[in-house]
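Single-structure report; data block below.
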Amino acid sequence: MRTGGRTADQLRPVRITRGYTIHAEGSVLVEFGQTRVLCTASVEEKVPPHKRGSGEGWVTAEYGMLPRATHTRGDREAARGKQSGRTQEIQRLIGRSLRAVFDLKRLGERSIQLDCDVLQADGGTRTAAITGAWVAAQDAVNRLLAEGKLKESPITSHVAAVSVGIVEGTPLLDLEYVEDVSCDTDMNVVMTGAGHYVEVQGTAEGVPFTRKEMDELLRLAEKGIAELVQMQEAALKA
Amino acid sequence: MRTGGRTADQLRPVRITRGYTIHAEGSVLVEFGQTRVLCTASVEEKVPPHKRGSGEGWVTAEYGMLPRATHTRGDREAARGKQSGRTQEIQRLIGRSLRAVFDLKRLGERSIQLDCDVLQADGGTRTAAITGAWVAAQDAVNRLLAEGKLKESPITSHVAAVSVGIVEGTPLLDLEYVEDVSCDTDMNVVMTGAGHYVEVQGTAEGVPFTRKEMDELLRLAEKGIAELVQMQEAALKA
Amino acid sequence: MRTGGRTADQLRPVRITRGYTIHAEGSVLVEFGQTRVLCTASVEEKVPPHKRGSGEGWVTAEYGMLPRATHTRGDREAARGKQSGRTQEIQRLIGRSLRAVFDLKRLGERSIQLDCDVLQADGGTRTAAITGAWVAAQDAVNRLLAEGKLKESPITSHVAAVSVGIVEGTPLLDLEYVEDVSCDTDMNVVMTGAGHYVEVQGTAEGVPFTRKEMDELLRLAEKGIAELVQMQEAALKA
Amino acid sequence: MRTGGRTADQLRPVRITRGYTIHAEGSVLVEFGQTRVLCTASVEEKVPPHKRGSGEGWVTAEYGMLPRATHTRGDREAARGKQSGRTQEIQRLIGRSLRAVFDLKRLGERSIQLDCDVLQADGGTRTAAITGAWVAAQDAVNRLLAEGKLKESPITSHVAAVSVGIVEGTPLLDLEYVEDVSCDTDMNVVMTGAGHYVEVQGTAEGVPFTRKEMDELLRLAEKGIAELVQMQEAALKA
Amino acid sequence: MRTGGRTADQLRPVRITRGYTIHAEGSVLVEFGQTRVLCTASVEEKVPPHKRGSGEGWVTAEYGMLPRATHTRGDREAARGKQSGRTQEIQRLIGRSLRAVFDLKRLGERSIQLDCDVLQADGGTRTAAITGAWVAAQDAVNRLLAEGKLKESPITSHVAAVSVGIVEGTPLLDLEYVEDVSCDTDMNVVMTGAGHYVEVQGTAEGVPFTRKEMDELLRLAEKGIAELVQMQEAALKA
Amino acid sequence: MRTGGRTADQLRPVRITRGYTIHAEGSVLVEFGQTRVLCTASVEEKVPPHKRGSGEGWVTAEYGMLPRATHTRGDREAARGKQSGRTQEIQRLIGRSLRAVFDLKRLGERSIQLDCDVLQADGGTRTAAITGAWVAAQDAVNRLLAEGKLKESPITSHVAAVSVGIVEGTPLLDLEYVEDVSCDTDMNVVMTGAGHYVEVQGTAEGVPFTRKEMDELLRLAEKGIAELVQMQEAALKA
């Protein structure tokens, strides 16, 4: 029995709030149930060294978690003096996912920096972050278009993400924390609006999984991501 | 002319929202106008080495700012690998201010960790943080009392803080960002509910200030803090 | 046309040399074509803090690349003062992969530390590392069995890994460097001897990939890993 | 009863020795009783990035304490790999204090770096450092004037500092270590030669302090700083 | 009695294998008995800041040890976040030794970076590294000559190194690990092909040594280095 | 012609001032001409982990240089966040040198920490540091003997050090800075009171040196160290 009587293939309630803070070019609070991530998109009129003079822009991401976003307090990474391997893995994933739907040539020599900060964690923070960051990026791009700095959008498609997993033998969509810690297999799937894969990261936490299980997980993820893409669209129209 | 027609001795609209996130023992969003700081209080049943076996507890604070809490994006301290001098200065100030109203013996050998994270900055983040952290600490203590882990509260008084400054010759209460950057003198004042000083930190950013100006600034601060203490009280009753 | 006339579903020549260095309990040089990784397994009669008193052991991995393992010299991570995000991601993957086939209870309160150091890189260093580390771990376990420190092996299955990818529309097995840099999709697959999945990490470097392409990639990986498992077995018998 | 029969409003014996070391443009050993701080001023014909091309110069400070300057040995910050929050707080204070009496435009695009290193500590190291650094800066400026690199002095006033505090209910001037550790309130005051405030940093270490106590502390500080300014003047004439 | 019946003034079997890896301009595996060090020479067409515009090149070295090169596993320096004092001392020694036989003007504004990584340690890793690095540097220079980037060789002489020491009163040449840990005096000597000294580093680990002992150690080192220079020459001709 | 008309085999004026600061158990300012190093010896009633329970004590050293001890200002290592390779090399040398004349068993399970901080540099800082640190250690040991914590001295001999070098073909004793930067060979020699070697570190900065030159350098060093030992003795009697 899942929280709130969710079925196995049902997303948690998703909320996407645009303009959550005032300074960033895009600022979105995304909520997957109790998971809350603030995603901001910052435009900077410069690019990192490896892109200088290329005529291309850059899109990158950083991820963080407030120390008490979790059940028990975690160390503050700034105080400890380094980002954990987990943090780096997640922010690299977010960056790659967003770049997959960006035409960097069309962006021109400027950067969009996506900051995804978890205010409250209940499983699925990285997939919520990708889903929300795309909306924040869209808002930043729309501003550049409105200001005439861009003639056409460099965003080529939606991108959204969801976690799936096998808990006590049952494949489930969009795991919350208690499901996540007890699952045998955990998979994060990132797809475009066209239903193509950008990233698939499946890990057997307990028993290795079969091809049949993987097929079932991919089916669930596809369903969930299609719904998330509609919610992104709805949020942009709001 | 101040934003929203504020008078020189008027606070910005202050909002104190308790229970802002679900995991922490105390979780408060404090807003001084557009400045928004999330203050969480986490109880841990252990103390740092210098307090072990002393029968006394410990209260400490950490401070952070989301990269895009500000007009232009700042570096993420976790990525850069160290906290700035400014960050350390502020978190030390918050920690000292809260300890000033804590009877550590009465707290027993446990810690209260205060995390103050700025979601949106518009001047006065450290004073908002102190004001909100006190409410979060109160909520955490109330839970310890309710659970029977504490018999009497270790909190001996309110503590709240406000900034004051001299802008173009005029002493002002509760500076917002545009006032802060153009002020000649900037002073942060921390006081107890009884109207006594815990910290006074005045800095001449431009022209050094006279004793007469300091007296005027202290008068403004006293007025503002008395109002903040009432708002803390009201928030706790809500 | 692939180097050496390889077909699309053909592994590079694989060599597994046991006892490559003298001090480690297990020491294996694994070569996938020109990629050469030295994998050592070190037994330590202690466990990290989170396992102390649990009756369980621990298996973990670290990964490194000699500065001139690559075409152009890379910075030495020890000199730069930190491991890159890529390095951390890879060593976490290797550790998880090996733990997936270890019964930590049966290992007892001791650790096996796997060090995978790339002497020469030509694509697929992480998959070679996993494949070689399993053989090194097996050698270390066999020594513990021979010394009577273990009664039964804690290793529950083979584990091996291979990369697959889509280059100019063609799915290929076991990418070498020139294929890797030009591929649209890159996938690392880790499987047990029983043909079940431990990890699947697929990334669209260029064009997002379809479900049909993923199915084809998984088929290639399954074929390659089955062959690698046989080579592991042959190496252990040599 | 204070050491040496000092009265409550009396400074410790102060000695200011110019030319203490040979290489620096200004080199001053300042002694407040047993507290001994070596202050050097180094002129560099370049400015940090935020001042380049501005036509303005820069004045900044660094602070350190020899490991055995204190009663019990402290860690060497260089060995530990970072400066403590306390160290950073102090060096930021020294830098701001000196900049308050510098006309950076008149200095031209060059820097004066003040290094304040505590050889022996007995309370009041930061106030001694500010007082001594001003004399070292003056010597460096005089050399620039003598060399014709400057036409007029960029130093607009004296700056000096002293600590005051309340020990067992009695306000005292210029606390030495044993007074400092037992005081209820500790205040560092930085003033110009004209008697205006540059910094006021008061902290209740024990009982919060009243407005009346603050007034008394400020009175003591004003007296002490006026005397220190005379000693700076005398030292420059020696 | 020494391993393999070596006499006191006999080197261990030395092997110098060129072209050990494929990417570096020079790549040499040097073996002094069980000690195995991989030395690569990387040419870069740029120089560090202190040489820019000087018309001179630069030669520098870095040293590392694989974690399980030794009897018991050592920490990975990249994971610990810094190089040990020992590592830095050794890589500075290697760099100075090689620069002693380089005419940096003749090298032109380019760098040769020597990486010496210990695959297996059994005493004398730094002396093996110097001996092997010279051969790797020679290979890199020969390639520059062949490509016409250099007209004449910047290498002015051979350089090679050996350790000597006093074990239980007996002076020995080329200490292996068990001799090294039990010796009273340990000396590393670096000499040119002409028999002149580049470095002499003698340390009394136990009893201080006399002038007579030093003379005997220097005699042994001279003999050993003359043999090593012949082996370098032979390797280059192979 | 040397400064002050010194002959080739003459030391600079040496001054050893005991009790230079008040807190340390031993505190010595040692001056070799214009080089001034403050050496403190701190006794701690504990030992590092590798000596716990061994019944033996430990002697170790740290070295630092004030930023403006030199002609041009050097970076502050504490601010830069790490000690340079040179600093680590020197402090390791000082520690080894002092341990060479300490019977750690007789010291008992306590530590003597030697801090050598250069106030003013003019060549030979490490040799002055060793020479001064021995006197500081002697003072600390004498205090332990006086307090009855030690029955007999753990110090088995004097230890002192001097630099020698070849400048324009002439071997010189005790190089000052201008000689040091122009010398072809630089050698630091550490000897006991009995005239035996503890450390010999010779480096060809320019032209490699011959055996005959080394013999001459060792002769000069022996002469200088014998004189330094007499000055240590005289200082202790003062």
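In order of appearance the chains are A, B, C, D, E and F, and numbering begins at 1 in each one.
Operating definition for what follows: a residue touches a chain if its C-beta (ideal position, glycine included) is under 8 Å from a C-beta of that chain, and two chains touch if they have at least 3 such contacts.
Chain identities (UniProt): A, B, C, D, E, F = Ribonuclease PH.
Bear in mind that the values here come from a model prediction, so they are computed numbers and not experimental data.
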{"item": "Count of contact steps on the shortest path from chain B to chain F", "value": "2"}
{"item": "Contacts common to chain B and chain C (chain labels)", "value": "A"}
{"item": "Count of contact steps on the shortest path from chain A to chain E", "value": "2"}
{"item": "Chain whose average C-alpha position is farthest from chain A's own", "value": "F"}
{"item": "Repeat of interface C-E, chosen from D-F, B-D or E-F - more than half of residue-number contact pairs shared", "value": "D-F"}
{"item": "Interface numbering overlap (same over half, different under half) for chain C and chain E", "value": "same"}
{"item": "Centroid spacing, where centroids are CA-atom means, of chain A and chain B in whole angstrom", "value": "33"}
{"item": "Whole-Å gap separating chain C and chain F, where each centre is the average of the chain's CA atoms", "value": "51"}
{"item": "Distance from chain E to chain B - Cα centre to Cα centre, in angstrom", "value": "59"}
{"item": "Shared-contact residues (touching 2 or more other chains) in chain A", "value": "81-82"}
{"item": "Chain order, ring traversed from chain D with chain F following", "value": "D, F, E, C, A, B"}
{"item": "In the complex with chain E, residue positions of chain F that touch it", "value": "82, 85-86, 88-89, 91-92, 96, 100, 157, 187, 191-192, 194, 196-204, 207-211, 214, 218, 222"}
{"item": "Residues of chain A that touch chain B when the two form their complex", "value": "21-24, 27, 34, 36, 38, 40, 42, 44, 62, 64, 66-71, 73, 76-79, 81-83, 87, 113, 115, 117, 119-121"}
